[in-house]
Every structure is written in C-alpha cells, then in structure tokens.
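First the structure, in the form of structure tokens, and then the observations on it.
Chains: A, B and C, in written order; residue numbering restarts at 1 for each.
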C-alpha cells in the first residue's frame, strides 16, 4: 500500500461509513463464531412445541416443527459466511487472474481469454449447478461453495479486464514501464491499487452472489444435505407457510441478516473508496 | 544519436481490426548530440505517437528506430532497461503521470529500486535532492506530498528531476507545458533549454509554434502522420517552403504582427477525400497541381539541411 | 452596452466560501470586443458565466449587471430565461461536444427557437444567409453533429448562438481546442459578426493572450478573483501599468524570440488560495514592487481614458 499503514488506519478510523460497515460485519462474524456456544439446542433437533414465539427459553422462538430458531440462525450464519468466503474468494481470484491478464496483455491473449469468458458466461450457471449437485449424492457446504465459485468468475473477469484496459494506458503506467518495472509489478503495484475499492466491490458482489446462489440451490433441495444455512432456513419457512401463518420470527432473522451483511459490505466499500482516494479524503 | 528510418504506425480499429488508421507514415529524421528538435503538428498529426514509439511504449508497424546504432525494437528487457537509463519521457498532463493514490516521490523510489538497488538510503536521498535543486525545486517543499498537493509546474519539474537521476542523454518532452499556466510555463521551458548545457538532447513535441521557435535548433513540421517540412528552426519559420507551413505561419496568432485582413476558411470537408493516393495536403492546398493528387511527394533536401515534401518545390 | 458594478460571486464549498470573483466593475461598449484574460482559477470563467448562468455552487453575493439600461436579474435563474439567448448569449467551452448527437442540426435549432416562442421557418432565410457567411453549406442543417469536423461544429454553434442578434455574446475558450488554421477563421468570424451588427458587445474569455492581441479592442486582465487592469489592446501590450499584466505579457514566447537571444522570465510563486485569501492586493506576494500600502485592496481606477488599473503603484 502506498499509504503508510498508520496513515491508512488513521484515515480509515476517521471515516464513519467504514466504521459502521466494518462494525456490522464484525458483529455477525462474532455472532457466527460465538453463537453456537450460547445455545444448548442442536440446530435441527425437535426440542419444543411447534411455532413458539420468542421467549426466554428460545430467544428467536421455534419453527413449525419445534426447532430452536436461534440455534439454526447462528449455525446458518456460519454456513453463509463459509459459502460467501470460499465461493466469493474463488470467483474473485479467477476473475482477477483472468481479468488482469487479458486487460494488461491485450492482443491475442485477450481475445482467447475473452472467448473463454464469454463461453462460461452464456452457460446457464444454475443449470450446471443443478446437474452437478444432483450427481453428487453427499453434498456439503464446501462442495457447494467451490461449485459456485467456479461458475461465478466471468462477470468479475469482464469488469476487471475493462478497468485494466483503461488504466494500462495511463501515463503513470508508461512512467513505470520507462522505469524498467516488470509487468507483474506494474499490474499489482500500479494498476491494482487504483482498483482496490473496485476489487472489493467485485468481491462483495461475488460474496453476495455466492450467498444468493447457495440459497437458490438450497431452495430446490440441492443444498447441503447435512447442515443448515440462512438460505435453507428462509426456504423452509417459505415452504411451510411461515408467512401466512404469521411465524415472522422464523424468516425475519435470516432475511435481516443477509440484508445487513451485504448492506454493510457495501457501505464499507463506499467508505474505503473515500479512504483510498486522497481527493475525497480531504473534504 | 537517435535516428528514425521510415517509421510507420498503423492502428487497427473496429471489429477484427478491419479499419486501419495510419497515425505515422514513413517518418525519418535524426536527433544529434546536444540538439533540441521540435516536432510541431496539429491534433491528429501523429506527433505524440512518434514520441511514444521512440520511448517504446507502443510497437512499431514498420521502419526502424536506432539509438546509438542499436535497433530499439530488437532490444531484450535488459537492453531496454539500459535504453531507459539514457532515454526518458515527460508527458502533457502532469497529474496523469502520477499514480494518484501514492505520494509523488514514489517515482524516485521506483528509479532507485530498478536502476540503483545497491545505493544506500543516505546517498540516494542526496542524489534526489540534488536533482530537485537542479530543476529549481526546494526539496523540503515538495517531498513527502501527494500529487494533488503540488502544482502542475512543480509536478512537471518533478518528472524532469526523475529523468536527471538516470544517465539521461535524450528527453522526449511531449507537450509538457501546454497544461501549465502562462506565468509558469516559460520557466519550465527555460529549464529544458538549460538541460542542453548538461549534455542532453531534447525532442520537444508541441502544437504551439511560438514555443518551438523559442527553444529549438531544428523544427519538424508534421501533417497527418507525414513530415511536411524539416530544417533549421529559423529557416522553417521565416522562409517556409511547404504551403502547409506557410499557412501555419500566417495563422498563428503573433504578438508582433496582426493577421492579414482576409477570411480564409479552411476547406476541411475536402481533406478526407484527398488522402488516397497523392499528397495528404493536396485537398487543402492552394497551389495543388495534378501530380499532387496522384503521387505522394518524397521528402527532399531543397537547400542544405532544409527538407520539404512538396511537388511545387 | 454592458455595465457591471461591484459584482461579487462566491463558490459555496464544504469548507466555506471560495472568493472567486470580488467587486468587479467595468463596462463593455456597443461594438466593443473585450478580451477577458488570466490564468486558470483567476475568476474569468466565473465572471463570464455569472452574467448569464448564475447557478449553484456559484452564490450571488452582491452587485449589478445592466445591459442596455436594463438591469439583469442574474440572481434569479428563472427570470433570466427571457434574457438568455435573446439578449445575452453564451458559447461555452465545449459547446461543440454539447450538441445532442441524435438530433439533426436543423431540428435542434428549431427546438431551440420553439422554446423561445419563435418560428423556425420565419428565421430560416436569415439562418441560411448566415451559414453562407461562415461558408457552411445549407446541408449542415440536415446533418448530425458527428458528421461535422471540429471547426464546422464551432462555426455552427457560433451562427446558432448569435441568430437572434443578442446584445452581448460571451465566448468561453472557444478557440482552445482548435488547430491554428481553424482558430484564425473562428476569431475572424467573431469580428465579422460584430461588424455586421449581429452582436453588440462581445466578451472573449481565453487564456491565450496572443489571440486577443489579434481581435480584441480591449483587454481585461484578472488575477485571483480580482480585476487587475482594463485597457485598449495596444495599451495593454505597450503600456501596461499593473505589474502582473507586465510580467504576464513579458513571459509569453513569441515567434521571433529565441531563448539564446532573449531569455523570457515567468512569475515566481503561485496565486493565493481563494478559500481564505490574504487581505489587500492578491498579487502582493509575487509582486516585485509591492510595498506597505498593498495590504489594502487597491481600487480599480481610471488613470487615463479607458485605462483602468488596480495597483497602488500606478495611480
């Protein structure tokens, strides 16, 4: 980073959006880690009478089957973070690798990579996921995340390629080339830092996309067979008519959590943009 | 020292690169030791493209550029680094030359890491301060700042100072003062002129005729990617041979003489049509003859050191 | 005739007011082409635009603008509508690129006239006459902006913006993006329009002083939000009294001057921040002849007929 670490932290701390965004994300991460220890109920066990509203015994109430919602929630939260993290990371990593290479090299390399990207792009992702998921009889969160990551990168690659294309002709990139700096160093020393907030936005989209894709898979019964996730919770709630029955405590916590996490990441992104960009910073 | 031989650059545009844009065609000239050559042209003349070709920032389509006898297109990365030790460039927009998220002096550190990795911190900072003083900057005023905290003039000096850290022989200065304010421009111009005293040659790329006159020994007039005229500055300006140069000299707003009272609107509409076979200026040229639309004139020496590409001469 | 009195316009920013234009007082006579010169950030564009388009972040502070004896309500964007285009016309810096690319030129002009409750067909003969004058074919009206070259677009914009014979034409850097050959044609057109009475007064905003030497009758030099000097063109070049004007003109390279023979000098230093400018003459810090009196703002006084200057050394 060009900013010294202390300077970066100083400006980062001064930025309210960044503080709020990061706080919310950290809050949920902590909840996902600590939560399972706060509850004595296993997430999928039938422990109580059906559809109990929130109480001292069951903080978030129980499902229509009598499962503890809080327990499901914190375990689901963990699963959601795992999917987002692994799926988002794989998608972003592939996007960065292919986007930067195509954008900086240009010419033939770009054309070939562009073709590959377009091919992956037009293959209906969900259909592929369904086929693969159906083929695997035992499915875990990890498999799901990897599958999602492997199909989600084209959008990221395209966006990063376009940005790289416009940045590589900048005068400061030429100046670095005239200083004898190598391609890799130029990409990661000159071009990437200017896209930091952009890459983060890409990561957020990949993260959110992975979470949503996971929910969609869960909905059609192709999700993990051996655990619970926020997506699974909402879909069970929907499936068992929690909405018309007024069992709001079943679907509100997972829905709210997904919204809050993605929203907070977005606010973080805007805040980071202000921190990275010295012109915005001085206002 | 530097020579260009029939240098051509064609850009391919559109889907599958079907459309061709000839940015520079068959341009040949030389820059000698301690010489300031100005490359003068209007927008679209290819002057910046030539600068970028010399700096090997874009590849040639055909022709050769030699520096001290070595073909720069054939250089491997080690040779190229050695080339950049001697040949450097400064561009038009001072703010665009700096990565906005880093402090401005990072460009010096880059030179250190790549060219002088063994030099100690103390010795290096003395060298940097020396270079900054040589371009008329006071080191404490400008070091450790972000680009947007410095003025355009300061940033341009910064870039010249960067070049001075190397064993520079040739500086390509592409419109480097056109974005500076009038009152600070001439100082940067004088700075370039003074660099010659340090043994440098300069290729001064500009659209502003008066700047070219002020600073250069020789002038090259470009028109749509071709050299129209080339020769000692005073002769090109005072006794132009090419009708295009004549038109330029008449049209440039001068401070010692008012324009002649006549409206001569350029026949721009015709310009595009004429580009096929003959002289690229034929469509606008008041002296055009039959041959001008049929065959392209070669650059010929009309008098000692004064070249022109025009059938009328 | 344009009379500007005490015009003060600030920019509102998060950190406070930027004092971009203070107490501007000057007149432009009928038939006068006045050049407005100065470096970037000196307030010349603010001055030009505030007479016609005073909108946020520009803030009207005080002052009057009187055109042909009638005060312009410059602080009121709505009420200015009836004066804009008809009486005061502006050619902005990138007018050529501002043309709507999906509209044919003729259609665009028709719409513009309609919005001023005027009939295109009635004006068409005059429009064609003027296109002839600037040597543009009538086919231009059937073309899209993209089909025109830079110079042709600029000439089209000039014809359109002066079609209703405005009293005042403000041309903001209209030559800076053009090549020297087209530049000359555009400049001479401005003179021609004045000579034919299409416009009465013209203000040409430019950083290129050599252009003003060619076509302006008078030049107003600004520095850091204040007027420095206004005088007939010849006087500005031969007998300027403000040190800034003198040094600025002295720093300009001219064809015929080579650095080996005559080394020009720039002005050391840089203009003050206008967010919180120092009191008094703003050129003080860079001025070689500044003295104690300069901590007071020098008034913009007429020292000889038509020659105004704001400098304590000049009175």
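Rule of thumb we're sticking to: a residue touches a chain if its C-beta (ideal position, glycine included) is under 8 Å from a C-beta of that chain, and two chains touch if they have at least 3 such contacts.
Bear in mind the structure is a predicted one, so any value in this text is a computation, not a measurement.
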Exercise for the section: Please indicate the chain closest to the centre of the assembly, with centres calculated from CA atoms only. Expected result: B
Completion exercise
Relative to chain B, the most remote chain by C-alpha centroid is chain A
Problem - chain B and chain C, separation of their C-alpha mean positions in angstrom - result: 31
Exercise for the section: Quick one: report the Å distance separating chain A from chain B, using the average Cα coordinate of each chain. Expected result: 49
Exercise for the section: Express in whole angstrom the distance between the two chain centres, defined as the mean CA positions of chain A and chain C. Expected result: 53
Exercise for the section: Name, in rising order, each residue of chain B that touches chain A in their complex. Expected result: 52, 55, 57, 77, 80-81, 84, 88-89, 91, 93, 96-103, 106-107, 110-111, 114-115, 146, 148, 159
Fill in the blank from the handout: Seen from chain A, its contact residues with chain B in the complex are 2-3, 170-172, 174-182, 190, 193-194, 276-279
Exercise for the section: Spell out the part of chain B that touches chain C in their complex, as residue ranges. Expected result: 42-43, 151, 153, 181-187, 189-190, 193, 207-211, 213-215, 233-234, 237, 247-256, 258-259, 263-266, 268-269
Handout entry: Touch list for chain C against partner chain B, complex
Key = 39-40, 134-135, 149, 151-152, 155, 179-185, 187-189, 192, 207-211, 213-214, 237, 247-249, 251-259, 263-268, 270
